[in-house]
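Structure first, commentary second.
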Amino acid sequence: MMVWLILLPLLWASLAFMLGPSRGVWPAIAGLVAQLWLAFALAAEIVGSGAAMHAVGGWGAPLGIDLVADGLSAAMLLLTQCIALPLAVYAHAYFKRDDPARNYFWPLVGFLLAGLNALFLSADLFNIYVTLELLGLAAVGLVAAGGGAQQIAAALRYLFATLVGSGAYLLGVALIYGTYGTVSTVTLVSLIGADAPDLVWIAGGLMVLGLMLKTALFPFHFWLPPAHGGAPAPVSALLSAVVVKASFYLILRLWVGPFSSLTVVASLVVWFPALLGTLAVFWGSYQAIRAERLKMLIAYSTVAQLGYLFLIFPLLASAGALQAGIMQVFAHGLAKAAMFAAAGTLIKATGQEMVAGLAGVAERLPVTLFAFGLAGITLMGLPPSAGFLAKWQLIELALSQQQWVIAFVVLVGGLLAAVYVFSVLRQAFLLAPADSVVTPVSRTLEWTAFVLAAASVLLGLRGVELMQLVGVT
Amino acid sequence: MKRLLVVLGAVCLIVLLLGAMHDLAPASVELHAAVAANLTASGVEHPVTAVLLNFRGYDTLLEIAVLLLALIVILAIGREEASNAEATVDVRLLVSPVLQTLAKLATPLMIMVAFYLLWAGSFRPGGAFQAGAVLAAAAVLLHLAELLPSWQSPGARLRLGLAGGFLIFLAVGAGSLMQGALLEYPLEQAGALILLIESGLTISLGLILAGLFLLLSRDDGETS
Amino acid sequence: MSLEFAFDLLLVLTMVWSAWRSLSATRLDRAIVMFIVFGLLMALAWARLSAPDIGLAEAAIGAGLTGALLLDAYGALQRREI
Amino acid sequence: MTFNELLPLAVLASSLIPGLLIFTLPESWVGLRTTLNLSGALVKLALVLLLIVGVQAGESYGVHFAVLPGLNLAFKADALGLLFITLSAVLWLFTTLYAIGYLEGAPRRSRFFGFFSLCVTATMGIAMAANLFTFFVFYELLTLATFPLVVHRGTEASIRGGMTYLTYTLIGGAVLLTGIVWLHHLLGHTDFAHAGIAAALGSAYDGQLQIIFLLLMIGVGVKAAIVPLHGWLPQAMVAPAPVSALLHAVAVVKAGAFGIVRIVYEVYGIEFAQSLDLLLPLAIFAAVTIVWGSFRALFQDDLKKRLAYSTVSQVSYIVLGITLFGPIGTVGGLVHLVHQGLMKVTLFFCAGNYAETLGIHKVSEMNGAGRRMPLTSIAFTIGALGMIGVPLTAGAVSKAWLIDGASAAGMDWAIWVLWTSSLLNAVYFLPILWRTWFKPIPKAWPAEHIVARGWRETAWLLLLPPMVTAAMTLAAGMFPNNQISPLSWAKLIAEREYVHESIIWTP
Amino acid sequence: MTAGLLFASVGVILFALGVAGVLLLEHLLRRILAFNIMGSGTFLVLVGLAQRNGIADPVPQAMVLTGIVVAVAATALALALARRLYVLTGKLELSQDDEA
């Protein structure tokens, strides 16, 4: 079942390519529906009967490659498919018939999703490298596709960041293979002990740093705002919502998996990601507050929100930290997808890219603004929303381990998020200037954003199942 | 400032790594032994090919996807319409008749080499990648000799050729998944299936690698 | 020091030198040529590491195709600057 | 799901569902929107009636859902909650009627009534929350639902007011959240219970509990507009009159006051809070607020601003009553929760009527308004006299109980605070009444929008609600010992909170 | 010192050289060169370190073959973007001002 989650997007992506430029939407949507069903079925199966394993080629690790679906990966798969399907519907309505970005959109999205799903399932460090490259190049392609000079420059910046990131990761893999003779994460868990040679420490450092660069953690975030802010709205949504999470997921995986005996020994190391995360929360929020372009504001908000994810590393000794992190991943994923989608609709309708140009949209595009507002609630961590639950869990964990600073960062981060979210809403609630023109937009655009935003809020009323899923190892 | 930091970091990395790499204990897992032990079950005799297409065939599947993806991205980036065509004329005249003759002679030879490499891959160095690369090199040579034009946008048949190898691979994977595990070949058909995949890959790889070149060179391409 | 090791040492020194030159050469065409040289040396290194498969691939793809792509890009650059 | 579990949810749904439906309605579908609004309000009233009958008969209503492992969204309808629920349900009906009249022909009404209903839903959630987590969820929802109402006009000024409101409430919310999470971490739950839950921790945690109490009080104190956290309230005056009425009488400030009640009685327990020395500081803040609010009201010429400062002062009567240790003070505080709502909503309705009908926004413009609009002015007079505490009004009852409570608790200084405030109330309300009734009618009103027709001085939908609430103010003042009066209900609650004392009601 | 370890050590140096090049060089074509040198260094470490005892190991060799193909894909992509940027702006550098 889990293998089909990888094969299906590959299949419809190549099918869409063969059908020719700007074709292939229906295979894509059919495939995405099937994937969504598969992801739910997989999650249900895992909750019922524990983590699942698939030995590719029948060989099994360490000779072959294993695919492993535990609670963490199943949750990420679920999130990816949940976001991808509405965004695909959105994208279909978003691109105009003659938009050059539409020509190869579907094959690129297909490869992107295949890379994501393969990454979440893989239990082999080198195989993960290949999935990272698949993911990275597809993402760069989506940013650049049909774009102007600004998008191309952003894509190049993104490309070099992602290549250096995966280069560092690959060097780490090379060192691990050199030391232990295997790259299977399952085998490595038992091999890497607290007395591991220095080389393994360096390898771990290289891999984590490379992945942080790919996750755009402060101060490696420089590439994210131009890329996410400049791409077409459905692409921005997909990149901000799930693609950056993939490398975060990987850091988490390595941290609690193969490198767990190292991170336990070095008690100071756990503060390194948390420190960067804290800085990311403040710097990202500050830049978002200052931003004048709507999509830049949202992109910087991603920088800030990614910071929260790294706050869980000092708390991982408690059982709930993983759950809190995944809750935040879900909250931000759904909300950010909704927010970029809503922003795309607003920009399309008003023709204005600036926050200042939004006066009066509350009246003209209520559904879209509602979606934006609901997504904003999640980002601020106000109840009832998944973001609130994540915040609650984080604060409670921080208090139970006497890490006051983390609780403080989470609370202040939420308030800073309120500043930039409401700087948009305040503008939207102003009366429209008499000469403003709002071109009518497709209802599909309005409602897909709304569905995503509503999901991010409703998850805040029922997080039990998700937490149960994440707990399966 | 940035320069200093980067250089310092690079030097640190070198020193740390070189220091740590010496007197490393032998690896606890010895995969080359496992490869040798399972070679007979893999369907090919050459260990590297066995790893590439059987033990870690899944890596290769994704890698072909990466290559195809790169080609699609290049197509998706698009190109400037009718970019200053007049500036490109002078270079054309420099192609000598000698080169053209050479290219004409070399091409069939290179195609033969490619087939040899493909066939040899199952028991000695060689295989789909090398074969595909030789095919691509032939195409590049023909292009340099003005005998093969740059691609503008690929037609349906060419798209089929580009994606075909990947699709064959994918189909074999899906078929094997329905029987049991992904890319788990039945023992007696392993050799045949690998040859099928390799043949498809050779053509597609050749086309894709050539395509990377022929698409990139189109910016100043044959607009006339 | 055996003869083989001396050869290896010479090889790696040339590799580092060519890599350095291809990054530091002031003229772009020289840099690209140095890179192709580096690629060929890499192919040799693979042979020394008893990896002829990679050697073949490196020569054809690493040095050959990448070099051709780079040279073509350089050519396009020159033509536009005229 | 049994009937007793379903009923609290039905109370929530009776405003949530109409609200969500109204959002989707096109602007021009006035009939359907009005029908939805009123049927929602009436259904809610009926459901609340069912609850009252049930609770009096000793039934318990409650339901809970797990949100996270160990974290429940829980509702219950107990005597204390019902006091607030009933007030909100009754006043929602009248405020809705009033808003329909007030906004006739105005743009963006679907949005307005949608958020209006959400706002009431949030209030109901606050009233029925069975633990602090649920309380917080609806407390923040209330903030979010009121923001679009405050900025409804869409002018720069209203947006500024709205942003001030948000700044206060969101920061307050963050502080409140800290306290709640901390408490949840210590106790493992935050369920409300008679006589509190915090005492179970043992004396080792006293220090932490004191800090948590401070955090919680800052959090709810923002909405209850306790000085120095009251700055948003006068700013929020930019909202349309029905919203101001809602904010001041039913929803926002009451949510804060109600939160203080819940925290003091059912989280800490009044006796435990007293033993931690938490009540006296709170009482002092309440006293300062009472005097300061009344004092500032003296200098406001803008009618709604004067009323706003009056609210700042009056809400702290409730807080003061709670902190007067002893059942009599409790009754005084709780009964004022209802009485202040009735009186203040009347005053805001009237202020809205003056503005809508004659364009009067300032106290100085009110000369002779009583002769032009006698019915509105009668209602206004009743409300104002109630605020001062003139006998036979609801305000007199609350003040009497508060003063008795203060002397019973041995806090004689509080009596002086109350008398001072009453005096100040008189000083800022009586001149208005004087102008209204005894000054001559000016040559022209600032802007006369609605022309009088016979006895109907203004639109009947604007006239009816203040008349009814004024009548209720009188009724509560004249028949305080009636079985269904707010006072009887407050006594019932107080009997349940003071578990260690036998209570003899001798006011 | 075995041949494997020697080549692995050189791989480390090449990697560091390449990374520094990608980070410091301005010209896009040069950055692409640097990226390729970085990749080659990594490949040398992968095979060299695994073969430090002198026994050929087909697994890292196959990985490097995969890696080379991925690297050429990335190079082609980067070149395409760089050339496109050149067509659009006439520059082969990323400007610093939009970095902040």
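Points worth noting:
Labels for the chains are A, B, C, D and E, by order of writing; each one numbers its residues from 1.
Here is the rule we go by: contacts are C-beta pairs under 8 Å (C-beta built on N, C-alpha and C of every residue); 3 or more make two chains touch, one makes a residue touch a chain.
Not measured: the values here are computed from a predicted model.
The chains other than subunit A, linked only through touching, come apart as B, C, E | D.
Listed here as common contacts of subunit C and subunit E: B. When C-beta pairs in contact are tallied for every pair of chains, the largest tally goes to A-B. Among the chains in view, A has its Cα centre nearest the centre of the complete protein Cα set. Chain centre most remote from that of subunit D: C (centre = mean of CA atoms). For the pair subunit A and subunit B, the distance between mean C-alpha positions equals 30 Å.
Work out the mean CA point of subunit A and of subunit E, and you get 27 Å between them.
The centroid of the Cα atoms in subunit A and the matching centroid in subunit C are 38 Å apart. A straight line joining the Cα centres of subunit C and subunit D is 79 Å long. Across the assembly, subunit A contributes 126, 130, 133, 137, 140-141, 144, 152, 175, 178-179, 181 as residues in contact with two or more other chains. With touch defined as above, subunit D holds no residue shared between interfaces to two or more other chains. In subunit B, 17, 21, 24, 27, 31, 35, 48, 55-56, 59, 63, 66, 69-70, 73, 77-78, 129, 209, 212, 216, 219 are the positions where the chain touches two or more neighbouring chains simultaneously. Contact between chains, as defined at the top, is found for A-B, A-D, A-E, B-C, B-E, C-E.
Contact residues on subunit A toward subunit D in their complex (touch as defined above): 360, 362-363, 366, 370, 377, 380, 382-384, 388-389, 391-393, 395-396, 399-400, 407, 411-412, 414-415, 418, 422, 425-426, 429-431, 460-464, 467-468. Residues 51-53, 56-57, 60-61, 64-65, 68-69, 72-73, 75-76, 79-80, 82 of subunit C are the ones touching subunit B in the complex. By the touch rule above, subunit E contacts subunit A in their complex via residues 8, 11, 15, 18-19, 22-23, 28, 31, 35, 38-39, 41-43, 45-46, 49-50, 52, 59-60, 63, 66-67, 70, 73-74, 77-78, 81-82, 84-85, 88-89, 94-95, 98-99.
Here subunit E touches subunit B in the complex through residues 5, 8-9, 12-13, 15-17, 19-20, 23-24, 49-50, 52-53, 55-59, 61-63, 65-66, 69-70, 72-74, 76-77, 79-81, 83-84, 87-88, going by the rule given at the top. Contact residues of subunit C toward subunit E in the complex are 4-5, 8-9, 12, 15-16, 19-20, 22-23, 28, 31-32, 35, 38-39, 42, 45-46, 48-51, 53-54, 57-58, 61-62, 65-66, 69-70, 73-74, 76-77, 80.
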